[in-house]
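A short worksheet on the structure shown next.
The letters A, B, C and D name the chains in turn, as written, and every chain counts its residues from 1.
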């Protein structure tokens, strides 16, 4: 039935999927199965597709993605914890024809950097904010994040997050969508092929919108942290679907340009 | 020649702007000048004072112990600064509402009832110009023409129609000031 | 020194900074209001430089955001600055340390007020330690310039940018409330055009302006995982600081040639001491004044040299005594070093300074 | 009827053996190898190459971008 062998198929002419050229070959430092790798890849896909590698400046956070600058071959700045939107504001103001994005985790964007995030969005800075929400502080070893779910365990909420003590999980995109400066807010995930494709489209839209000077675009990616959650990557994905999505439902929250 | 002046009163009397006009006038006359306000919330309603130095040489300290001339526009200012006038120096005071008059005998003292005059002439906004006129009468450190140029320099153009009114006030102040004998 | 044809203006020290920044080709200002320096941003907003030179002026949500905006813009090779006063500058320390670590140029103006805490809005010099000893974390030094007149507020703003770019370091203009609030004559620096993007790429190849085709991307970061790499960055910084210490010391001497006693003071204190020198000389005491213009690098050699021929030093500061420690280190016990200071926003009078000299050193 | 024949190439040194491609593959083509790469990860490989139709699901979800996919229509 199959009269072709593998060497016949594995041929540049038959290529249907390969890593984009913006993402370089350096092995990423993330744990096996970490969502960061997929989102990095998607960013590279979009930068390559829009042909903006020479016009894009990324701002890396403090958190697991602190080394994001090592993997995508574009100019990058690495910000102090939470301050990425302030850096991005200034970069975009001084280089208005460039594509400027921040890449931030939940601790960076929703805890220490809440003020910078909110005010950049309120001013409607024409930047893209990529927000990785996995409900935990991964880099420092699994402490409670502002987005940790009620009852969810972390090293600083070993018996689970309690409303009475820790407050409720914080839904930043919902808050930010209220601001007139914000043109696009969407919540995505990368746990399935379908989700990855949707997320790629969302990131592309955010980059395209940022060039229209209509305000800030925010793409939240609800993610797993299988190490911090102490689960296998597959189980973490299923746990995310069952537990995270009810608090952080996927889909567009705001789109003033297509609306 | 160096002239070290303190102007003191309460907020709203135009103390700071009078100092500014003096400084601008000095600039027009080619002098070295410095102007330091007591700044901050006290500008709004509390006491307010400004130090102006006009000099032919480089000005060392803009912060002073004593003054060649003190201009006081209320009782607390008179109480605070009368003693800080250098012997042989000049004190100019507005007599409005004072319960204690100046008492030093080793300085030249002048009274100018600018507050009373400006109220009776319905021109409270030019009260500080009356005082400035008085100062220039007894201490002609700056030529009146240069004061008018300084004023012009300082005021934004949209306020230039007020210049004649200010000039009149300066001239009125020159007539209003009187020697005060202890 | 200056051409006679240049226009002489009268303005506040804070206003002079704003004018000088625009004229020296500054690309951006990011700040947050605080007394006694709010006139810097207010003047910029009045002057609307975005319509003339193209300079960006933005009121940030906090001092934390301001300094990080400076970081971001500096990372693009742009000439940018912020200004604040003591409590606000405390908030900026993290960002300043990051700039030092990432080797980014930028100018930070601190128009000091009395502290600690929220303190007063009156003048102070109590942030000397914070500025010259490193207020943020890690081994870094920051060129620190101390203007003593409105003219120097303008001139040293220009110099601060020059040093920042020459040594790739955050640079501080350390003024006090009086120098910020007082009006004096000033001749503003000549206009210099802002650098074009091509010029920035040529002069500062590290700038993140977008990766040029066929070239490696630029990364602005202060993070190194390997301690050896981090030590190498530190060695590079330290070597740069040694060069600064050798080449950039600036000071002014007044009546020091025949002086028996020398005041050491900066900023407004130096102006007060200049008058105290006049008072002393009128009483037959041969006093002089050494005014450090650069607080870092500190004029160590000059003080050493003076200590070989004077009978003593009096240091006057608007603090409990901070710079005096550096004077004592330089004098190294050769002659007495006395200190007189006022705190919390109080400014000593020339008489107080003179009495400090007379009572502590002479009698 | 046209048939799609696919194949994948795994960069085994980059693969971290997270298993996500194995789960994403609708045709059970992939499994983790018993062998490990130089970092000690059991890397992904095709155990049932004939079943692969080149759908790219494995590559899409791969966090390391270590899978390249080929496909031929026959």
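The criterion applied here is as follows: contacts are C-beta pairs under 8 Å (C-beta built on N, C-alpha and C of every residue); 3 or more make two chains touch, one makes a residue touch a chain.
Bear in mind that the values here come from a model prediction, so they are computed numbers and not experimental data.
The two chains most heavily joined by C-beta contacts are A-C. Subunit A and subunit D, compared by their mean Cα positions, are separated by 25 Å. Taking the mean of the C-alpha atoms as each chain's centre, subunit C and subunit D sit 60 Å apart. Taking the mean of the C-alpha atoms as each chain's centre, subunit A and subunit C sit 40 Å apart.
Centre to centre, using the average C-alpha position, subunit B and subunit C are separated by 34 Å. Taken as a graph of touching chains, this assembly is arranged as a line, each chain contacting the next along an open chain of partners. Of all possible chain pairings, those that touch are A-C, A-D, B-C.
Those residues of subunit C that touch subunit B in the shared complex are 8, 10, 35-36, 121-122, 177-178, 181-185, 268, 271-278, 347, 349-351. Here subunit A touches subunit C in the complex through residues 53-57, 59-60, 66-67, 69-70, 73-80, 83, 86-91, 93-95, 98, 115-116, 118-119, going by the rule given at the top. Of all residues in subunit A, those touching subunit D in their complex are 2, 4, 6, 8-11, 14-20, 23, 25, 27-28, 30-38, 40-41, 44, 190-193, 196-197, 232-234, 237. The touching residues of subunit C, counted against subunit A in their complex, run 27-28, 30, 56, 58, 60-62, 64-66, 68-73, 75-76, 78, 80, 94-95, 98, 102, 208-213, 216-223. Those residues of subunit B that touch subunit C in the complex are listed here as 20, 23-24, 27, 32-37, 39-41, 59-65, 153.
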